[in-house]
Amino acid sequence: MQDLQLPPIDYGAVAPMLILFGVACLGVFFEAVLPRAARRSTQLVLALLGLVAAFVVVVLESDTRILTAGGAVAIDGPTLFLQGSIILLGLMALLLVGDRSLEQGGAFVAQAAITVGSDADRRQATRSQGATEIYPLAIFAIAGMLLFVAANDLLTMFVALEVFSLPLYLLCALARRRRLLSQEAALKYFLLGAYASAFFLFGVALVYGFAGSVQFGSIHDAVRESTQSTVLLYGGIALVAIGLLFKAAAAPFHVWTPDVYQGAPTPITGLMAACTKVAAFGALLRVLYVAFDGAAWDYTPVLGVIAVLTMLVGAVLAVTQTDIKRLLAYSSIANAGYVLVGVLALSKDGLSSSMFYLVAYGFTVIAAFAVVTLVRDADGEATHLSRWAGLGRRSPLFAGLFTFILLAFAGIPLTSGFIAKFAVFGAALESGEAWLVIFGVITSMLLAFPYLRVVVMMWLSEPGESTPAVSVPGGLTAAALMIGVVATLVLGVAPAPLLDLTTSAAEFVR
Amino acid sequence: MNATNPEWYLILAAVLFTIGAVGVLIRRNAIVLFMCIELMLNAANLALVTFSRINGNLDGQIMAFFVMVVAAAEVVVGLAIIMSIFRTRRSASVDEANLLKY
Amino acid sequence: MVGVSDFPFLSILTGAPLVGALVVAFLPRAKPELAKRVALIWSIAVAALAVVMWIAYDANGARFQFRESYTWIPAWDARFTFAVDGIALVMLLLIAVLVPLVILASWHDADNTRRSVPVYFALLLALESTMIGVFAAADVFLFYVFFEIMLVPMYFLIGSYGGHQRQYAAVKFFLYSLVGGLFMLAAVIGLWALGGKTFDWQNLLSADFTTNTERWLFLGFFVAFAIKAPFFPFHTWLPDAGGAAPAGSAALLVGVLDKVGTFGILRYCLPLFPEASRWFAPYALALGLIGIIYAALLAVGQNDLKRLVSYTSIAHFGFIGIGIFAFTTQAGTGAVLYMVNHGLATGLLFLVVGMFVARRGSALVSDFGGAGKLVPLLAGVLFFAGLASLALPGTAPFVSEFLVLLGTFTVNKTVAVIATAGIILAAAYVLWMVQRTTQGTLNPALTAVEGMRRDLTIREKVVVAPLILLILLLGFYPKPVTDVINPAVQATMQDVDKTDPAPAVQEASR
Amino acid sequence: MHETVEYAAADGFLSTVWLLVAIPLASAAILLLLGKRADKWGHWLGVGSIAVSFVLGLAYFFQLRGLDNKSVELTLFDYIQVGSLHVDFGLLFDPLSAVFVLLITGVGSLIHLYAVGYMDHDPGRRKFFAYFNLFAAAMLLLVLGNNFVMLYFGWEGVGLASYLLIAFWYERPAAATAGKKAFLMNRVGDAGFAIAIFLMFQQLGSVNYADVFNGVGSLSSGVVLVMGLLLLLGATGKSGQFPLQAWLPDAMEGPTPVSALIHAATMVTAGVYLIARSNPIFSANLTLQTVVVSVGALTLLIGAIIGCAKDDIKRVLAWSTVSQIGYMFLGVGLGGGAYALAIIHLLAHGFFKAGLFLGAGSVMHGMNDQTDIRRFGGLWRYMRVTWATFGLAWLAIIGIPPLSGYFTKEPIIAAAFERDGWTAWLFGMAALLGAAITAFYMTRLFVLTFHGPKRWTEDIEHPHESPAIMTAPLVLLAVGSVAAGWLMSTSVVDWLTPVLGDHSGEEAHGVISHGLITALSIVVTVLGAGLGYALYRGGTAMQEQPAGPIVTAARRNLYADAFNEAVFEKPGIFLTRALVFLDNRGIDGLVNGLAAAVGGGSSRLRRLQTGFVRSYAMSMLTGALLVVAAFLALQLGWLA
């Protein structure tokens, strides 16, 4: 036994995570000590400041390319890019989370422990201020995601997975209205998430058995040289991939998505749709590109089938949805399929285009959920599509913005959605995966139909008696919405800077 | 093939994992479901430790500790969620949580 | 002429209507007249600029003129490149001439809807911008962007301001076009990935593909264009869209927008995929032939004036298709000239039908009968437009139809002879329509309709007069247009490596 | 075989020959554009423009006579110039076009003048004259063009004018339908004509008369045959010849001056012009000539037979026109010297048939627009000028010497007997038989209208002579009917030599001698006329009587309309309906069905999303097993 030597840590490189974990802990502390009235503003400001600070550090560290913390964390181009994206998208989601102008007390329940349907519950629904634990929880989740995309061994990845999943499970349960749905969503998310984690962990064990290490670099070497039974390796790859695909909402591990997206408080849905997706694919990219790239020949067809299935399931099921949140959930499943197409290009272009897609989609989807929070009636959000009939007449501005967002989802040019699709399909085609592109195109056609249906609902149908009014958003939601829409437009019209950025960032360190 | 052959531990781990995985499918009670998942995690732990022995390094054993901590955290969150539902529904059956579908 | 040809005509032509659209859109809804006037003046200014450009164009000069190129997405080598050849030039002129007339003709179209009047005219201008862009683009990516984005204003024009079944028609239009667009997207990506990672038309011209790849790429483009044009059997959206769209928009839809399909074939399919073009030519000719006969027969059987005109257009597009795929100078020039003339003639026909419909409140042929007694001038213009549609000598379409058939005959007698039968059917549907609407015993119900007692107004005269004049002028003296088209067509024929056959007698004596 | 065709470029006065077309066209445009403002004086502008054209035509004619090569060509501007195709907007003024110009503007002027009176009470008179002028312009362009595209241009132009004028009273369904029918049947012929032009370009690289005619020699006989047949199809359409004859009688729905000018004197003879103009093509192939002769012979008999069975004054004349043009086709089909004979018959026919139609119009004018000859009788007393002029024209058409018909028809009959072998007998006898029948039905018409007992009722009809503006043209046309034949029989034939070839030296060698033919034709004519007089001098039944199959068939236009309806119209309508159904249910149905299938699949699939967390876990586990299995399968080569 040698003397234990503490591995050197580049604190600058891991500072964004440290800042956010610190902020989260501080938030918990404040939760304990501050008077109720002061909590919300303090927590919100603290969280926003933390995110901004983390982002600044990411920008400052943008040239860092190292393995640190004993090889457990990789700070490289993709990490920094994805961390930056997660922070920005998290910031937008947090703006939605923090908004209290739409609903008295915000979108979250005051005390989760209150029994649903009791008198106390009715009181909290109409009067009480929402819980403020959500801010530290959200920051924990975001920080976990940052670690997730930076993790350079499977154990760190597992821990990070749990660190960002557990707060999300809780956040899902905290809706102010329709709490039964919210709790059910949380239960499903939790049980299935834990189930998937178990698969992931068993996969980790198998890979460890094969490679003798869980560090990606060592796994990479082992895939080439090891004489161990490859059954371990491929079983391991499969199970690890399943764990990650679950978070990314790829079929057939997508089953939780519609229920959870629908039941969760809409700001949290936005957070999940944008940030979780970035994090999950970030980790998947690193695992596939860094650790298992030697086995690419074997896993590409399997994951290709999954990608096709994901696109098909998302597109086909979206066609008949009647709830806007559920529709967006299926759309997000299909979009996971498109990202997977980019991932499977297994090239530098594949990496950069996938990253571009994730960011572009993240901005758009948060904006979409921001609009969803605005369309409300006396019972809260009016998510049934029939209620959106004639919205264009009632509120042309928001209907127009939402139409633009839908066009972006449909991949119409001059939106980021088009550029993103173009990028991933281009990368896939270049790598000879023409069949994925063909399915991508076909499912895009199918997907256009549900989007168009919403547009028809909003613009071409006459407003009915029950068409809800659109609330004028408070500053926070408006800011999130505008950031999302502007980003969607800018990335569609002038994508060059971001494309350059993703291209220059598209290099893993091993 | 003596009893100390580590492969037996691996087989045991696989069997435990399978029991857990199938248990999730066939049991209704949320708590039991959750226990099944814990079982799967522990099966993974067993596998880690066994591989640690096979590979001759300690990484696997260290990982097992990490997993235990994580599992404990999961229990906290999980039980909280299950509890809040139980308070409303007066039932821990997961089949009754069936509002969100299609 | 350095000064003039350096003037950025094309970007200004593309941008100006868009600016106009924004201006008009934000005019107060309460002042519809102001919006109409601004839109009209704006479009006239655009037309004036287009005429200046036409004068500055050197018919015997370079194939592409007024080239402008600006950086856009360097990572993909996609640029804002504009340039026109003779084909695009005449189409731009057609647009510039038609739009002011359509605006004038649509003066009251939006008045009786419950929708915003300024938005209607803003949409028309936006449509103009995208249509100009699609013809002016010399970068495949840019072309695709305009090709897709063009759908959006047209979708709302049909969907929001259309007549009977407008929702169905609008959705159908959008989905059909989008499906075609996505096929093309796949092909565009393929072209880019396999053609040297550039979108510049000029550079792609020299790209080499394997036979199979080339055919697939051709097919991707062709399907999109065949849907847009539309060719049989992709045509069923047009009667619905044409039937539901307001008359002015229908005139633009059929007169210009659909020409993007045939233009695209000439500009992209033929030069970029010459081998595949030759290989597919027999099939394309067959589609054209079927279209001519089939659509003409269907036109005879229609009871809705706007649907009838739509079907006649499908038949005419059959002629254009044949002209393109005959690969002779005469047929090709005829096809392009047909695109222009058909825009004028069918544009006029749609506008006149629109005037009938506006008066009667119905587009059903059976709701008319003997209308010539009440509105002789209007009936006369309808008849004239019908004559132009059946390609009577002296009207512009004769020259183009003659050229197409003659040029086709020199290489494929069977096709030309069968297509010639189409001119008999054309007479049948035109005269049958004229007879049922304006001739015969006066339908007593008509006299009761207030609007039917008013013959052409001054405004309407101003709308139809320029079109009639142009149709006659180009019928007697098409040289100004053919001289511009001819070099471009000849260059295209060189691209596909085809030369006109020499007269059979000379051939034999050699 | 054929000397090279060359046309000299026009200069001096003749370079203004385009005015012939431009003046009526301008007049038409003015009349249409000014609208009601021109109602008061519009008709005089119409008459004036055609009269000026006539005067100009005369001047050009005399100018042309002074030239050596008797032809001038004039290029106005490039019409279509694409690749090797070069079509000028060019005119050719040569002996053939000159006589047509004079016929069109001369007879045209008279009919225009007549129409001023005839259309006096019609509110649409200005429009009528605009269309009339338009027709004149198009017809002049037709005969003046120097290439086939110009000919086609005018060809379609006269078709349009014909349509407009047939359907002039468009509020009458019958008129509107007749106009449409005329246009459509013409289009069938036009399509053939158009293809012939394509063939010329494909074979010879040009559509100019000179190039085409000079190149005919180098064409294979098959190509010549096809080209000729296609041109013939065009000619039959325009000239109402078999098989496209059915539209012409229906065209009588138009005002009578229209019937006189367009559907008797000029437009319907365009087919004859086309064949005469293309004589180098037609002369180059014997089979082709035989087909033309057959069409002519068949049609002249069809027209004559049906003419016997009709009771409508204008319809009888219309079928007579069909029949007479049959003679002309016979003539141009015979070729050689008969080309010129056909042309002079055409010119003479222009006079007497126009006279007959205008006379008929005058009768109708006086009889409250009655057209049924069974309701006339004894009119000679009431309208003597009409009676006299009509009578002269009647004698002219049946070929009584020395009136014009005798000089023009009889030589064609004689020429038919000059063919080789049995065809001489066949066509000769057909022509002779036609002459006999013509005499019969024309006599029937004349006798029933002007003689015999009066069969009209005074309270409805008040027969009276027409005003001078109508009778003056009648008189002039009658003079033409009487004198034209004798005047033209040699002079015009010589005049046309540069175009149609010099055949004066050719020995006539008929199967029977020329003298005998002359005698025979006079005999059968007199016999036919006598029979007609004998049968109808006492009048006729007022109602249609039951008759044998031949008469019934003749009344039904030999079932040509029924044939068209059964073979083209009915199946066409059925096909159209079937296609509409197919398009809506088939093609569109397929698309919508696809959409519905996706929707159906979607609603079925979403049932799988049951909401039970355990079934979700089940699908995850299944998915996991499949993924693991797939990986291992790939690894172990199970799938390879």
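All chains are identified by letter, namely A, B, C and D, in their written order; residue positions are counted from 1 within each chain.
The rule is short, and it goes like this: a residue touches a chain if its C-beta (ideal position, glycine included) is under 8 Å from a C-beta of that chain, and two chains touch if they have at least 3 such contacts.
None of these values were measured; they are calculated from a predicted model.
A summary of chain positions shows that the Cα centroid lying nearest the centre of all protein Cα atoms is that of chain C. The pair with more inter-chain C-beta contacts, choosing from A-B and A-D, is A-B. One simple way to say how far apart two chains are is to compare their mean CA positions; for chain A and chain B this gives 26 Å.
If each chain is reduced to the centroid of its CA atoms, chain B and chain C end up 66 Å from each other. In terms of their C-alpha centroids, the spacing between chain A and chain D amounts to 78 Å.
Once the centre of each chain is set as its mean CA position, chain C and chain D turn out to be 36 Å apart. Residue positions of chain D touching 2 or more other chains, listed in rising order: 606, 609, 611, 613, 617. For chain A, the set of residues that touch two or more other chains comprises 187-188, 191, 195, 199, 258-259, 449. Here the touching chains pair up as A-B, A-C, A-D, B-D, C-D. Contact residues on chain D toward chain C in their complex (touch as defined above): 35, 77-85, 89, 149, 152-153, 156-157, 160, 163, 167, 170-173, 176-177, 179-180, 183-184, 187-188, 190-191, 194-195, 197-199, 201-206, 215, 218-219, 223, 572, 575-577, 579-580, 583, 587-588, 591.
Taken together, the chain B residues at the contact with chain A in this complex read 10, 13, 17, 20-21, 24, 30, 33-34, 37, 40-41, 43-45, 47-48, 50-52, 54-57, 59-60, 63, 66-67, 70, 73-74, 77-78, 80-82, 84-85, 87-88, 94, 97-101.
Chain C meets chain A in the complex at residues 71-76, 114, 144-146, 148-149, 151-152, 156, 159-160, 166-167, 170-171, 174-175, 178-179, 182-183, 185-186, 189-190, 192-194.
For chain A in complex with chain B, the residues that touch the partner chain are 112-113, 115-117, 155, 158-159, 162, 166, 169-170, 173, 179-181, 183-188, 190-191, 194-195, 197-199, 201-202, 204-206, 208-209, 212-214, 258-259, 262-263. For chain D in complex with chain A, the touching residues are 595, 598-599, 601-603, 605-606, 609, 611, 613, 616-617, 619-620, 622-624, 627-628, 630-632, 634-635.
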